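Chain nomenclature is as follows: A, B, C and D, assigned in order of appearance, with residue numbering initiated at 1 for each chain independently.
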Amino acid sequence: RLDQPLEMPGLDQPRSELQLHRDLTELARQNRQAAQAGCFLGGGGYDHFIPAAVDYLAGQGAFVTAYTPYQAEASQGALQAFFEFQTQVCRLTGLDVANASVYEAATATAEAVMMALHVTGKRRVLVANTIHPHIRAVLRTYLADLAVDLIELPAAAGRIDTETVRDACDQDTACLVIQSPNVYGLIEDWSGHFAAAHQSPTSNHKPPLGIALFNPIACGLLKRPGDCGADIAVGEGQPLGIPMQYGGPWLGLFAARKTLMRKMPGRLVGQTIDRRGRRGFCLTLQTREQHIRGAKATSNICTNQGLLALRATIYLSAMGPHGLREVASQCYHKAHHAAAQIAALDGYDLAYAGPFFHEFVVNCPVPARAVIDAGRQRNILPGLDCAELGIGTENQLLIAVTEKRSAADIDALVDLLQRVPADRNVPV
Amino acid sequence: RLDQPLEMPGLDQPRSELQLHRDLTELARQNRQAAQAGCFLGGGGYDHFIPAAVDYLAGQGAFVTAYTPYQAEASQGALQAFFEFQTQVCRLTGLDVANASVYEAATATAEAVMMALHVTGKRRVLVANTIHPHIRAVLRTYLADLAVDLIELPAAAGRIDTETVRDACDQDTACLVIQSPNVYGLIEDWSGHFAAAHQSPTSNHKPPLGIALFNPIACGLLKRPGDCGADIAVGEGQPLGIPMQYGGPWLGLFAARKTLMRKMPGRLVGQTIDRRGRRGFCLTLQTREQHIRGAKATSNICTNQGLLALRATIYLSAMGPHGLREVASQCYHKAHHAAAQIAALDGYDLAYAGPFFHEFVVNCPVPARAVIDAGRQRNILPGLDCAELGIGTENQLLIAVTEKRSAADIDALVDLLQRVPADRNVPV
Amino acid sequence: MHQSPTNADFPLIFERGAPGARATDLPPLDVPKADLPDDLVADAPLALPEVGQLDLVRHYTHLAARNFSVDANFYPLGSCTMKFNPPLNEAAAALPRFTGMHPLQDDRDAQGILKILYQLRIWLATIAGLDEVSLQPCAGAHGEFTALKVIRAYFHDPDAANQPQRRKVLTPDTAHGTNPASCAMCGADVVTVPSKDGLVDLDALRKLVDDETAAMMITNPNTAGLFDHTITDIAKILHDAGALLYLDGANMNAIIGVCRPGDFGVDIMHYNTHKTFSTPHGCGGPGAGPIAVRQFLAPYLPVPQVEKRATGQASYKAATGGRGLPEYFLDHDRPKSIGRVRSFVGQSGVLLRCWAYIAALGPQGLRSVAQNAVLNANYLAARLRHRYATPYFDPDTSRFCAHEFVTVPKDLLDKGVTLIDIAKRLVDYRIHPPTMHWPVHDCL
Amino acid sequence: MHQSPTNADFPLIFERGAPGARATDLPPLDVPKADLPDDLVADAPLALPEVGQLDLVRHYTHLAARNFSVDANFYPLGSCTMKFNPPLNEAAAALPRFTGMHPLQDDRDAQGILKILYQLRIWLATIAGLDEVSLQPCAGAHGEFTALKVIRAYFHDPDAANQPQRRKVLTPDTAHGTNPASCAMCGADVVTVPSKDGLVDLDALRKLVDDETAAMMITNPNTAGLFDHTITDIAKILHDAGALLYLDGANMNAIIGVCRPGDFGVDIMHYNTHKTFSTPHGCGGPGAGPIAVRQFLAPYLPVPQVEKRATGQASYKAATGGRGLPEYFLDHDRPKSIGRVRSFVGQSGVLLRCWAYIAALGPQGLRSVAQNAVLNANYLAARLRHRYATPYFDPDTSRFCAHEFVTVPKDLLDKGVTLIDIAKRLVDYRIHPPTMHWPVHDCL
């Protein structure tokens, strides 16, 4: 028990609202806003257009300041929104059931793997090494203390080969995790890989589960996980109307085949009928599953990403099928336009030849760092350094192009890339 | 009847939401944000602190997108808020009744004068020439075609003398309009002036009405119009939680003594009791007075500034009596601190010796324009050019200091003023 | 689920909180205190609410929950067209480089907003089919007032009409109350023109127009929801007598992009941006009431006017360097102007939203707004006409309405049901009731 | 005034709108189209809603109206402390220079947010009375998981504890379900410790602790609202046996600034920012679950860690010129770390609001939060105890509660009233019902 208030460095007095406003404005000034014309950063987080209705509607106090919808009568609004969210995630992924969100993509993937281990009772986990390095790192942490073998499948030319999958699957394999578009932006052959896994020899009639790590924007245009044989689909929901906000809070998407429903982690909203025959919604299956299953629980998630799920719901409703398809195809065409122009520059070429969605790796004639530093002077963020991210060499740049970039923005990027090698020869 | 769509310059295609977002962001970039550390602009609009709750609460769709509260059952929320607004304006001014807002200060003043003409049946209007020039200009426009004499009372040392008032009031005088703090920031002697007017000889037992043009922030600290004998008080509500937004929409405040209630322009919300004895609110007295009075109406105002009135209500509720007093006294002390430092600079002095609130005129050793131009380079807006505003000479600067300015901001202003004359002697 | 509410459930903000409570605060004063003479200071603190931030938020959240709005409800109102307010417009208007602008800032530091105002001025003139626009007026009624001042200035101008005796302004008997009220404020003599079948009675009009007539104010489509197809005849009658035709633009929603007031004889008119161009109604305001005029009336428009320098003269780029004149500027130098009708520049924040609405629609979009409004109103009238009399609507004789219509629920009234009953029942269904008893008695 | 609602009143978003309707749009594609292989493309468009913007707004406005929230209602919840969410924090977190930040931006371009995270790290350590903090975990349960990983890494470290046999984790029978679930996820063996009179049974504990025990997880004040004054005894029992004490910080609201977990023997703990530090609950998330540890556990914390370079080494000013190292940075180089527990930097947007809440209160303010919460809960318990049994509360024998309390409405239950009835009646009065049947049966 303390006799007096704590001594907190840099905080002796309470700050008035005006002071706090000043301080936060000044701290914001010390950040560069990536989300603007010159942003070509990707690697898991993307600068997509967010319709004003998303902020407007999700920002309502009735949603922001509401509690978890345990008490159904007091929470029909949130419950219905989450029910709509789940339905949308099902339609996005082509799977049967979806939960009301988990934290973000990496923990979603870890939860999916834990679920696969539980469902199959096996202990080998196959993970493509074309998966985002953060996600692979999280998987290593999650599986570290369990009696599980985590095996990374090597890529050839930036993609996984179905042969590799076939060779790696054995009787003891619980699941195969494939990301597409993968960390290099390349589109993987989910159908081939999952088919290979499903056809692998099995002892207990439980073939390895196919876990697809998807990008929800790509689902607006490309084949969906469910169409390609995935049993579980997990993904990062950030592109769906959620600002990048320095990495979080984002949104873990989680969907699965109907047969797996009872093993799904997280909250699930169901539809029901009241005494007067009117539709209503409530949390189902587990409501705080941990209370019931305790030490036998397979997941511990409680607080999820409700408000972000709401944003995604509003985003998808605003876009609709045609809007989402347009977002996805503009991403595709603009990225390909940028790639073609860059590949035509002296000294630059594309690192991989495979089909890609809205992100690609470029070999540069200079270190990627030099390009990035040059970009800072012109307020262009030309991409990510593949060596720093742990997915390539010093001279490789990972470039993402979303629908928000105009032809002029792309021209400015190309111009930057063209100048950097020359400028480096002239000492400033 | 047109066969085809109009040809509109600069607008051939509909703009998508993303395009419009881009365009508006770019257009905003071409403006300088005055409301920041270096802002010493006043002259009728002031950069005060706006608590976040004002934007948050007044920005609710249920207020922003609501219709005029003609239908009481569908508008109890707005009606109660306006009732609270009226009550606050009464307490701010020390008068008995207030309406639910008029457009802004100048038209409010014009409405007050029209009302005074009507109530007294007289035709002379006395207006201090220490009133903001825009307001005097609006009065000229409004009264131009009516058989009315508009007389401007001259000032001595920036303030009106009670002697001048006494001499000007005659049997035919309908009203006397005095602004305090006046356009130079000086505090006028309302009590003396209105007493002189009220005591002037009258034919019909209707002495001239005293119309006080007030600053609502000053009312948090200084004597109120009602305390000083005013019959009508009008003012600009912008300082009460309304952003300067390039001059509008702002908020006209209008209050009067009880005896004048039936002649008040604009909407008035009243309290009533429903069948079950519960309190309710509705528009009273006239609801669209124009329908009833038609050509005999004294005012034509219909749409008012509802949402801005709501902002002011929330602002005053957030501040409370002590908060508003603190805002006002910080304005006072900071302005006096700045004035003292500036008066101590070589070549600068205060133009007027009278008591002032948060704004004052400085004589500069160089044209005010030169100071303003120098300030632009450092993102300081040091004040207004009195010649341009029509209230003084080329070398006079009108400086306002609100509670938002810190001691450091004031030091930067003083430093700027000190350097300008010197810098001008050194050609760049 | 709900208790019947009592006063304690809906206290006034003054009845909440506790002495000393505050919802916000300032940093401590960081400069020395100056002398503050006692005689200037109020004796007691003001009797304002004293509440904490949670009480404040709850209070105005509860009030919001007790209000109808476009966001939540349907408003079948005509003249007071209640349009959807796009969230983007709200977000853009809230950008600090718009909200944080002082109205007396240097023009060079205001090129973005000035460009918006200038373009809007041009667009509104185009839509009107007229020559010049003033963005100054604060709302429709203020637009009427300003326009009447302009008309008067024109007739008083010795270099122009020079007919100061024209003091009469005609208004139809269906006119909105602001029309005669605006006349009264300007010292004009109001003369009422009778209607026939919901439209202006032309014979009566002919008799009333004379060489003391300054103008007629007309709402078209009118307040009964009818487009007055005799409008060109009306214009001719006035013009022949040397008088002007004023259009109250409250119902422009029904015709924008489809026909232009200038083409059917209007000389001067006002818009209500909060009706026609979706700027939010805000529980009754703010609005904006720009006026459009023919060239011969332009010199009299109020100051300031937003102007653009011809390209070549000075470009924005040069201007921002401080070395030239800015492209867009506020012009105060208009010798024949009626003067100021308000302080500063106008309802900039409202006009900005108006610009965004027009830009989003484009010329084609504007046209379809009017087409859809008219189609929907006629659809509803057709569905209702068998139960509710629609005096001015009869598709069998090609009498269609514009974007609103008048209905007299005669059957129901005969059974003892009152209009108020119908209105309250609509509220039960969360629909805002239409305007009642206006323009004819016992109508909706 | 309300009709009883039907399904048609509350349609799903899928049941609104019409084919082809959209609530937003993009500019036309302004680059040439690239080749898009057919076999990559989905066969049919997705079955997503097709609604216009007005439908969209109305729909989610209606849903909002059907939801309780702190802004509108009182929530007497304990562990899940529902705090007021200051609008300033929401506005600041929405600044484009916060929301628009990519997580892999250069540290030099992120000094503002990194400073916030670093200061928050230091403040949370100070409040805990512990040495280092990781801001990585996404919520409380994720904090538990991360902490258990840290504990395990410590016991497995050959250079440190080197006691890999310690696989047992004790949890009291009153523990929140996430505690054992987190253990299970980490492969630990969960052992339940019985309670006596609502507190941990010390004798039972002594018998259960052995050299295979890694730690005990305890919530204090516990889920019954009681501050366990034997906490230092519990710590001693564990420490004597070489095990660690973990604090579930869900109820920190009752003690922040008044006493420090580090002082009563806690080695490692988590916070729930969405409970203790007012980050909005958002209908169930997002949250953040920072963990605080003693120095000897610090090497195992997850990567990245936000760090500050000692002044003199490199200042921010130099850094922004691109010529030096930035003052604040993300450190990935922690060889003993358990690794990553999530992608990127953490729940930055949540942590920012947490920083603002602490900064607004200051040290003295934090202390009064706890003092007021305890005072208010005891006040309510005292008022209720004559009608509702309060098993763990009895002021006559100085048994007070912390910031929440358990009540068993025995009289009412005997009369046939159920807990659900009480809960629904509270909803009628627009008060959110407290947690039911937990931690003991038939309690609130």
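The working rule: a residue touches a chain if its C-beta (ideal position, glycine included) is under 8 Å from a C-beta of that chain, and two chains touch if they have at least 3 such contacts.
Not measured: the values here are computed from a predicted model.
Chemist: Expressed in ° and rounded to a multiple of 5, what is the rotation angle of the C-alpha superposition of subunit C on subunit D?
Modeler: Value: 180 degrees, nearest 5.
Chemist: Report the chain whose mean Cα position is at the greatest distance from that of subunit A.
Modeler: B
Chemist: When the contacting C-beta pairs are counted for B-D and for B-C, which pair yields the higher total?
Modeler: When B-C is set beside B-D, the one with more contacts is B-C.
Chemist: How many Å are there between the centre of subunit C and the centre of subunit D, using C-alpha atoms for each centre?
Modeler: The mean C-alpha positions of subunit C and subunit D differ by 50 Å.
Chemist: Where the centres are mean C-alpha positions, what is the separation of subunit A from subunit D, in Å?
Modeler: 22
Chemist: Mark out which residues of subunit D touch at least two other chains, giving numbers and ranges.
Modeler: Residues 1, 24-27, 53, 57, 61-62, 65, 70-72, 84, 86-88, 90, 427 of subunit D each touch two or more of the other chains.
Chemist: Mind pulling the residue numbers of subunit A that touch at least two other chains?
Modeler: 15, 17-18, 21, 49, 51-53, 55-57, 60-62, 73, 403, 406
Chemist: In the complex of these two chains, what residues of subunit C are touching subunit A?
Modeler: Against subunit A, subunit C makes touches at 1, 24-28, 57, 61, 86-88, 90-91.
Chemist: What does subunit A use to touch subunit B in their complex?
Modeler: Subunit A residues touching subunit B: 17-18, 21-22, 49, 51-52, 56, 60-61, 403-404, 406.
Chemist: Help me check something: in the complex, which residues belonging to subunit B touch subunit D?
Modeler: 15-19, 51-53, 55-57, 61-62, 73
Chemist: Which part of subunit C faces subunit D closely enough to touch in the complex?
Modeler: 1-3, 53-54, 57-58, 61-62, 65, 70-72, 84, 86-87, 427-429
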